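Every chain is named by a letter (A, B, C and D) in the order it is written, and numbering of its residues begins at 1.
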Amino acid sequence: MGYFIDTARAMIVTMRNVFRRPTTVQYPTEDRVRPERYRTSFALVHDEEGDEACIACLACERICPSRIITVKPAGKRESPVTGKKRNYLEDLTLDMNACIFCELCVQVCPTDALIMLRELSKPTLSREGLFLSMERLYANEALAHSWGTGTRLMEMQDPKRGLPAPEPNQEVTPPGVDPIAEGAS
Amino acid sequence: MTPMIHGLVWGLIIGTVLVTVAALSIWFERKFAARIQSRYGPTLVGPAGILQIVADALKMMQKEDIIPEKADPILFRLAPPCTVIFTLTTAAVIPFDENVLAADLDIGVLFLLAVGGLVVFPVWIAGWASNNKYALLGAMRAVAQGIAYEIPLVLSAMVPVVLAQSMRLSDIVSVQAQTHWFAFWPLGPGLIAFAIFFICSLAEANRIPFDIPEAESELVAGVTTEYAGMRFGLLQMAEYLHTLIASAVAAAIFFGGWDGPFAPGLHWMVLKTLVLFFMIFWIRWSLVRFRSDQLMALCWKYLLPLSLLLVMASALFVHYRAMET
Amino acid sequence: MTGDEAQQRFVALLHERFGIHEIPADNYPLVDVKHHFELARVLKEELGYRIYSFVVASHYPATVDAKNENAEIDAEHYEVATGIRCVGAPAHLASWRVRAELDQAVPTLFPLFAGADWQEREQYDLVGVRFDGHPDLRRLMMPEDWEGHPLRKDYAIATACSPWR
Amino acid sequence: MQSSAAGVDPHLDIDTYDPGADLMVLNLGPQHPSTHGVFRVKLYLDGEIIVKAVPYAGYLHRGVEKLCEELTFVQIIPVVDKNDYVSPMMNEQAIAMACEAMLGIEVPRRALYLRTLFAELQRLASHLLWLGTFGMDLGGALGGGASLFMYCFRERETILSLFEEVTGARFHYNTHTVGGNRHDITPKFSHDTKATIRVIEERIGEYVQIFSSNRIYRDRTQGVGVLDGDLAISLGITGPLARASGVDHDLRRDAPYHIYGELDVNVFTESAGDCFARTLVRLNEMRESIRIVREIIDSVPEGPILGIKPGKSPGHIKIDASQRYSCIESPRGELGTYVIGGGSNRGASAYRLKIRSPSLHAASCIPYVFPGHTVSDAIAILGTLDPIMGEVDR
């Protein structure tokens, strides 16, 4: 007899769920609302003056755990916008095949040049389609950007953030020499 | 019209309708299950995805016809059509209306149960011929379950037979139309007999909570593990047909068949069948399954003695009612 | 009992019964390999450290003097760290290390802790240290016909091309 | 049918059980609907009764520990996310805590609160996923179990959306780092969390109705897969599995980390040690997680979330050649990290890093628990052990 009662109870629960709104999001036709910090694909951006923001400092290439970013610096040349001499990028490629979306490259970018996108990247039919060349990265600039940029993330992680006065207990910070920058491994 | 032509014509019509309803029921079940689970179910093919079943059938027909190298080729091919044929044959004696039935056999209930019981054989054949351990385990479970539950099924079906004092299905229905539906009269035994009949039908049709022979999570897909394409489709079809016919039989022998006010008899029969059919779906998407030994315990320890008692009780009821009048 | 008291008890045990007088501040005590099993037994049976927590083997290649390549400072060896824990508060973890030379086997803890079965198999598989008396020292993670032990420092990683292409 | 786990020797040769080789050998896996990944158990069956079970791990071995020796401490945190992919933040916390302990970094209060909050939400999400998949194991992919599975995933998705709001990712967050957290919570996080846990708390009652208080469910799980408490801890099994066997042990209470020392964590134990006891323990833990989240969600202090200056280079965390084991209570038990510092890159990488995964210990009880049960029971037991294959094999 207990079986019948329990069965009836389970059936009531399932019937109650019939009248709840389905939670499915019909993906290609309707888009889920994605929060501000959502991160998917990558883009390279221009700074406020309209110049390429990337200064080819190699920070993203060094920190990438999957080692998928390749930066080729072009050396110093005069900026067409401001006229100052600065470093430029010759090529930057990003292989999304092995990206683990850790956001470390965005975090270390000193000029907020490399950012992630909020918009879903389109699926591709080939592995080459996931390979982001510099042209594609700059073309992605037009898509919706994620909240995170190097400056914002660094600001959020600032150890003095929200504290009333600076505290002098920073002796644990190992500033040290960056071994990888020196080529040691 | 000779009985033979009558049977052929109505058999063809009923068979076609049943297969169509079974096919549509797959669509309905998918939609219903989806709503239970907060999903939408098929939406793309046709309005509300109603043509999904056509798409599925086309897909299954296009699939490569795989027969495993080590399988027994003849038996492997034989099993899926056999399940559908045996299942569909039982539909011959179900009265949908006073005249809407293929063969009004005077041993209707016996025929129904005998042919329905045959379905165990193709399932065992399928499991054996696949030459796969999961299929074999599934077939072993199916046979054990099928044989065990056949007995309370037959005994609970005997209750209406005893009450109507006829094995002819149309007689059983007309007696109910004249008196009361057997599920509610005599109140106790009829309802319990219906419950037993319903449970055993679920077990015979391998529906949750008795889908132990398939048991995806344990036996991959049980007897159907090695089947692909339309052969698999036939096995699935047989399962749905079995469920549908079991609902129709239950509606006929316990719920008065075509008996009902206002509307023509056929409507009532179809309605009752579909309500029972819907109940089966509902139960399926609400419960987890038994373990095979618990299933056996349920059958031999509870259902069998209870159904024996019910047959006796209904016989006594008929006896004393006859003495009163 | 607090965690500190449990640690003091553990240190005292090492001191009195196993003759270990110095315990490095940033490291776990180094126990002689012949005391390995006995220490685990005492801890389990007398002090109630019944949860088998971990075993970590690590491989140290031979270190040589920077100036003279023939002057070997330390021979190639393994270090096996074991940790066991007591049930309930303060859940103190007793952990110690043993050093095993390259051809030396570490006694298994399987008679005391059933969990040593798989854990020691894993360490044998990945690092190559052998456990003496283990009932079933097969590979656990790598295929049975795998050659070499991947977590050894001399295990070469061949990455000629990017693996994801 | 029911056998106690004691007295089974998993190392006995199969010939002693089966001199005539009459038993059927069934390979459950590596690809099987219920192994929750790729895991293989070789079953020796007498009819449907399991006589001996031999598990084989390693099908998902990705060499994470070797990878951790190559990458720096900054870089490994997103990598270890992929170990226990059901509660990824736990992996991050375990690594970060080990490094913090070795460097003596003091993590800000706000970060500790966030870590506790995230840990409890992850525990809730992980147990929800377990409940759903266990429903699938018992009820099949086409039945009531699948309904429960969808319900649990529906609720779990709402938790993941909370994380998405904070970290920008649904699954592999990379939100903890050595010294604190990388992402601060947003202003509406607290409100959303309260709304979510209220819904989940209400829905847990539904799960109980459809599932764990159901007679069929109880028949399937009571007395099945009894794991002796002594054997469990001797195997190193901790967490809900051990607590269901009567081991009153929870690192959150017994060796507090984060801010658990200030909270009053209730630890639920059951004495039966069977699959049903494990269900009850996990359901209670879900309620307890909800309670903890509710208790601390409003008292998150203001302040920084990172205790050290965030570094721009991969090598800005350096650890000398010391060794340290540090562990947390993950949804599956004691998840620890043994770090030997002083590896390559002048100490920016680990010399050796071992991840002590509770799932591997849980899986190692299979040879003791399976014998004497049917194949159906084996699936139920495997389901309640809740091994995450990414963590078993690493």
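What we mean here is this: a contact is a pair of C-beta atoms (placed from the backbone, for glycine too) under 8 Å apart; a residue touches a chain by one contact, two chains touch by 3 or more.
All of these numbers come straight from a predicted model, not from anything done at the bench.
Enquirer: Closest chain to the protein CA centroid?
Expert: Of the chains present, the most centrally placed is D.
Enquirer: Quick one: point me to the chain whose Cα centre is farthest from that of subunit D.
Expert: Of all the other chains, the one whose centre lies farthest from subunit D is B.
Enquirer: Would you mind pulling out the distance in Å between where the CA atoms of subunit C average out and where those of subunit D do?
Expert: Using C-alpha averages as centres, the distance is 24 Å.
Enquirer: Suppose each chain is reduced to the average of its Cα coordinates; what separation in Å results between subunit A and subunit B?
Expert: 56
Enquirer: Distance from the CA centroid of subunit B to that of subunit C, rounded to the nearest Å?
Expert: 62
Enquirer: For subunit B and subunit D, let me know how many angstrom lie between their CA-based centres, rounded off.
Expert: About 43 Å separates the centre of subunit B from that of subunit D.
Enquirer: Would you give the residues of subunit A that are in contact with at least 2 other chains, written as numbers and ranges?
Expert: 7, 10, 13-14, 17, 23
Enquirer: Any chance you could list the residues of subunit D touching two or more other chains?
Expert: In subunit D, the residues touching two or more other chains are 144, 147, 151, 154, 210-211, 214, 216.
Enquirer: Can you tell me which residues of subunit B touch two or more of the remaining chains?
Expert: Within subunit B, the residues that touch at least two other chains are 36-39, 285-287.
Enquirer: Where on subunit D is subunit A touching in the complex?
Expert: It comes out as residues 71-72, 74-79, 81-82, 103-106, 108, 110, 144, 147, 151, 154, 157, 161, 164-169, 172, 174, 177, 179-184, 186, 206, 209-211, 213-216, 302-310, 312-318, 344-346, 348.
Enquirer: Help me check something: in the complex, which residues belonging to subunit C touch subunit D?
Expert: Touching subunit D: residues 3, 24, 26-28, 50-54, 56, 58-59, 81, 83, 85, 87-93, 95, 97, 112-115, 117-119, 122, 126, 135-136, 139-143, 150-151, 157 of subunit C.
Enquirer: Can you list the residues on subunit A that touch subunit D in the complex?
Expert: Of all residues in subunit A, those touching subunit D are 2-3, 6-7, 9-10, 12-14, 16-17, 23, 34-39, 59, 62-65, 100-104, 107-108, 110, 116, 146-148, 153-154, 156-163, 169-170, 172-176, 178-181, 184-185.
Enquirer: In their shared complex, at which residues does subunit D touch subunit B?
Expert: 1, 24, 26, 32-34, 48, 135-147, 150-151, 154, 210-211, 214, 216-217, 219-220, 374-377, 379
Enquirer: Across the complex, what residues on subunit B touch subunit D?
Expert: 33, 36-39, 133-134, 137, 140, 208-209, 211-212, 214-220, 284-294
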